[in-house]
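Sharing a structure, written as structure tokens. Questions coming.
The chains carry the letters A, B, C and D, assigned in the order they are written, with residues numbered from 1 in each.
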Amino acid sequence: MSLAIICSGGDAPGMNPAIKKFVDYVYKCNKTPYFIYDGLDGLIDAKIKKAYHSDVAGILHNGGAIIGSSRSERFYEKRYRKKAFENLQKHNIDKVVILGGDGSYRAFEILSKEFCISFIGIPSTIDNDIYATEYCLGVDTALNVIRHAVDNIRDTASTFKRAFVVETMGRECGYLAAVTALSSGAEICVINEMNFNKNKAAKHLKKELKEGRRYILAIVSEGTKATQDIKNWLEDEIGMQTRITILGHIQRGGNPTVRDRIMAFEFIIKAVDLLINNTQIQKAVGYEKGRFIDRDISEINSKKYTIPSNILRDLRFLD
Amino acid sequence: MSLAIICSGGDAPGMNPAIKKFVDYVYKCNKTPYFIYDGLDGLIDAKIKKAYHSDVAGILHNGGAIIGSSRSERFYEKRYRKKAFENLQKHNIDKVVILGGDGSYRAFEILSKEFCISFIGIPSTIDNDIYATEYCLGVDTALNVIRHAVDNIRDTASTFKRAFVVETMGRECGYLAAVTALSSGAEICVINEMNFNKNKAAKHLKKELKEGRRYILAIVSEGTKATQDIKNWLEDEIGMQTRITILGHIQRGGNPTVRDRIMAFEFIIKAVDLLINNTQIQKAVGYEKGRFIDRDISEINSKKYTIPSNILRDLRFLD
Amino acid sequence: MSLAIICSGGDAPGMNPAIKKFVDYVYKCNKTPYFIYDGLDGLIDAKIKKAYHSDVAGILHNGGAIIGSSRSERFYEKRYRKKAFENLQKHNIDKVVILGGDGSYRAFEILSKEFCISFIGIPSTIDNDIYATEYCLGVDTALNVIRHAVDNIRDTASTFKRAFVVETMGRECGYLAAVTALSSGAEICVINEMNFNKNKAAKHLKKELKEGRRYILAIVSEGTKATQDIKNWLEDEIGMQTRITILGHIQRGGNPTVRDRIMAFEFIIKAVDLLINNTQIQKAVGYEKGRFIDRDISEINSKKYTIPSNILRDLRFLD
Amino acid sequence: MSLAIICSGGDAPGMNPAIKKFVDYVYKCNKTPYFIYDGLDGLIDAKIKKAYHSDVAGILHNGGAIIGSSRSERFYEKRYRKKAFENLQKHNIDKVVILGGDGSYRAFEILSKEFCISFIGIPSTIDNDIYATEYCLGVDTALNVIRHAVDNIRDTASTFKRAFVVETMGRECGYLAAVTALSSGAEICVINEMNFNKNKAAKHLKKELKEGRRYILAIVSEGTKATQDIKNWLEDEIGMQTRITILGHIQRGGNPTVRDRIMAFEFIIKAVDLLINNTQIQKAVGYEKGRFIDRDISEINSKKYTIPSNILRDLRFLD
């Protein structure tokens, strides 16, 4: 029996520890591990190779993914999916582990309806926006990269009377922004999930500035497209010089944290076990209430993740 | 109603976020927060002070604990405990949040049997050795500090043919060593919980060295007192020059990770809610299966923590 | 004799070590140290206070400046400068150490022409754009903060076929961008000091992409205002999806590096010695060819810094 | 013309940037670069390979040295040196760049007296103990790794009343310990170059502890073998519980700082230029008063490095 692993969509820290565990664990189970390079595009182009222990030596602490990733437009044409399936058949691979987000899950759901292919998705995206899991691979590393950046800004913020806007990733989901605002004690958090009450904020912040507040820190989720608007509001309405930081792909890089490494290992073990012990399976694994679970891919792809209430509860000026 | 917070025993990263949340949340509940400085010794010496928001501004990213901590011998004499209780009475404090380990829990258990005092313990120790909680405050930061150190050693290890022994903290419990060995892919892990099989290890490692292995990394838990012994064994039996790193209190310091900040907030909210909603209570909070729980202090103090099997499962040469 | 220290303009890592050394060294010389808080605005508003050892305990590793800073418009009106001088007189301060850039030097040059005041400027700006010094306080820390960010981006860059634009600070001077491009091996560097040859770059990069290059990294100095333009060019002309990171004030924060701490100490000793040993002096210190030197403020303020040729020599596509 | 590069002795951060620049610059000069793997042992065993640009892609941010290093006993026997020379001849290599310390310089000095071989040493050791250079490759990274560790310890130190002993590397030279003590404001520094006056220290520290000092930080250089002794003295004489940290090889690892990368580039350019423009040359390069210089190997190997007085001047209790 041969199993392959593929990264699809944006990369996430923790993918390399997952890839290493995949190779080690598949061999331990007496099966043969394969790499699919460069995501769905690579699958179409037959970039498939047997994996060895030596391929994954010394990669635990590297960000990114040694097998590459991609977003593929071609995969949404049937003739390319046929090619993808044939490439898998050539290596007798009928079971695939996917490191990616729900876009990648959907791609494989389509493939599996047309061809006989089993797969398990492992939620891997720093956006943390996938249904049926409290945790996506890469989130802990991303949050700590952002933390370092925000702590640096606080250093300089307390020297000056100034406002700072930090834009975090998160196209569909404000999770990174919300957790950052909570854990760094930011005054302002702007996410799509809730309404930022400008009037209330203006009233309170002006009062606090009079009483001695030296600076204001605003965390804005990329998906709101509100970064420039909040800067203007801080300058015009609150009356503070304001500087913007756009973290961008810094957030996707970096040495995976211990949590992301351990989660990677557990996700892989769960996924490989499911693939080996089932003949036809299309699922994704997840982490809920301290346990590793699995759900049908159709359920995950039809529902939406919501940020836990304890994260949103203590953020200011949201209603 | 007045509530106090105290740090007791070894400090842990995350104590400052907990202290900040304590002050903010107690005020939010319309109660009065107090600091007890310098642990049980400070309590005996009446180092108690009303806390203000301004005391806790800008401390989220600082390691250590702004209110100090201590280990107290005097507390085990009744006359000093009486003094401690009287000091609390002077400020009308009959409810205390304890940031500490099981030693601190035991001290307050004794106090509460003699005097009318409610308390909630919050498990705070990088050793992660407290019953009825999967997580103790500070562990995530400590693990990531160790990770940085071990990643640095790997850089130099792969240049030379050498062995490295890294001693981690953990007097009673091998958790830090075990998670470090797992997440860094160390070849050797020595903890009190399991037997390190030297014969098996020698046989396999010698074979691997012949096949091209360049270095060996051993993680040794402080509590085993085996650091020097493992170095000697690596030099005499395996035949490799070996270097020792003793991390010591580096592991206790450092900017708290996002996880330690969020856990600190949740532990505090749970603890303060319990104190406010109960008249007589002697408990500790914990984190189990993704939920925040509480248990009677007598139960916690009579039982022992065990490392989860998924951490130990994949470590080599242990039986 | 009383000496004061002031921070003026943008803050820089290393200011706190300088402030600490100022207090310790002035006392060692049997003089009295004073703090001027919140820059030139604070000087006008009489925010002056005697400094003590206890004020500067434990600040060596903090970014920012504990005495605050500001940019002052009022200082350019004579009546406010008169007030500033009178405030100094009240404390018998006629000697001042300035941590700032050439804007701050100019402000004090004006003041010293009107009133009897000695001062020494210490070049403190991450922009590294001051004449007669190879090194400005804060530069080493800023460069290493940028390095961490760029190393993170490389992780994710090598996973995808993508281009990344990183905007560094530097309004007048491309030093940060140039050193970053050199030390991180970036393909593209855009600074005001030289012309970025788009045609040449396009020709070479397209060839390299055909031969297997996976990503392109461009470092753009803020002062060029070319960040968006380079992104568009990379997408339209080179044909690669491109992501922007704007580091902003992350670069000003952070724990000062060892080099910035040691430089801070040396600059302060040189500056205080000059003030104590001269009755009328208006100078700035600098670092040239491995030695600490001083120059008349009029000379520094009339000339312009140029980036050393060895930094620019090996950057690609510049002419 | 063919030039080779070799690492010899202990590794140092900055070796990889040097190796990358060597390959790029030698090709730019239209010569052929070679790698000698695994130090002098590898040279004896004919581990020599032509180097390509692709060998050095993406290594700027890695600690260690991709070509390995070693300490060789065999090299001190003439028959092995003959073998080493013959291996070089096979590839027409008569010019070598050495990344190493003075031990490595001496080895090549012997070789060059017996056989016709030119070489340039680049001082590469975190010990910073080589004559005729103020800077050795790797020192800046090592100092900043130590800084992080010491800053972490301060966090926890200020929580407790405790003393901490940190042992830094430096077998022959106390440079790392001295700069660390200075830049971290440690109370105690123990190095071979000066006498630590215990009586004076005890008198002052006891007084300060009475006045409120909470902790003592001692930096001890490995070469003094005094770590345990200072711990005992702090416990017995000063009366404080004391904890030891032995940093070990953490100090040799880590992502090279910007300074180490830039120094690596400059050292390599200087060394390669010298080798190309001279027919018979046995020298080492160095950094003095802001300039890159070169000296005859015989001079360097016969003299001793001394720590600059400005580093030692402000350390306490040394005489």
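The working rule: contacts are C-beta pairs under 8 Å (C-beta built on N, C-alpha and C of every residue); 3 or more make two chains touch, one makes a residue touch a chain.
Remember, predicted model here, so these are calculated numbers, not experimental data.
Of all chains in the assembly, none touches subunit A and also subunit C. Looking at A-B alongside B-D, one finds more C-beta pairs in contact between the chains of B-D. The greatest centre-to-centre distance from subunit A, using averaged C-alpha positions, is reached by D.
Subunit C has its Cα centroid 40 Å from the Cα centroid of subunit B.
Subunit A and subunit B have centres, each the mean of its CA atoms, that are 29 Å apart. Spacing of subunit B relative to subunit D, judged by their CA centroids, is 35 angstrom. Each of residues 148, 151, 154, 158 in subunit D touches at least two other chains.
Taken as a contact graph, with one node per protein chain and an edge wherever two chains touch, the assembly forms a single closed ring in which every chain touches exactly two others. Listed by chain label, the pairs that touch are A-B, A-C, B-D, C-D.
Across the complex, subunit A is touched by residues 7, 11, 13, 15, 62-65, 68-70, 145, 148-149, 151-161, 164, 214, 243-254 of subunit C.
Residues of subunit B that touch subunit A in their complex: 17, 20, 58, 60-61, 134, 140, 143-144, 147-148, 151, 154, 158, 179-180, 182-185, 255, 257-259, 261-262, 265-266, 288-291, 310, 314.
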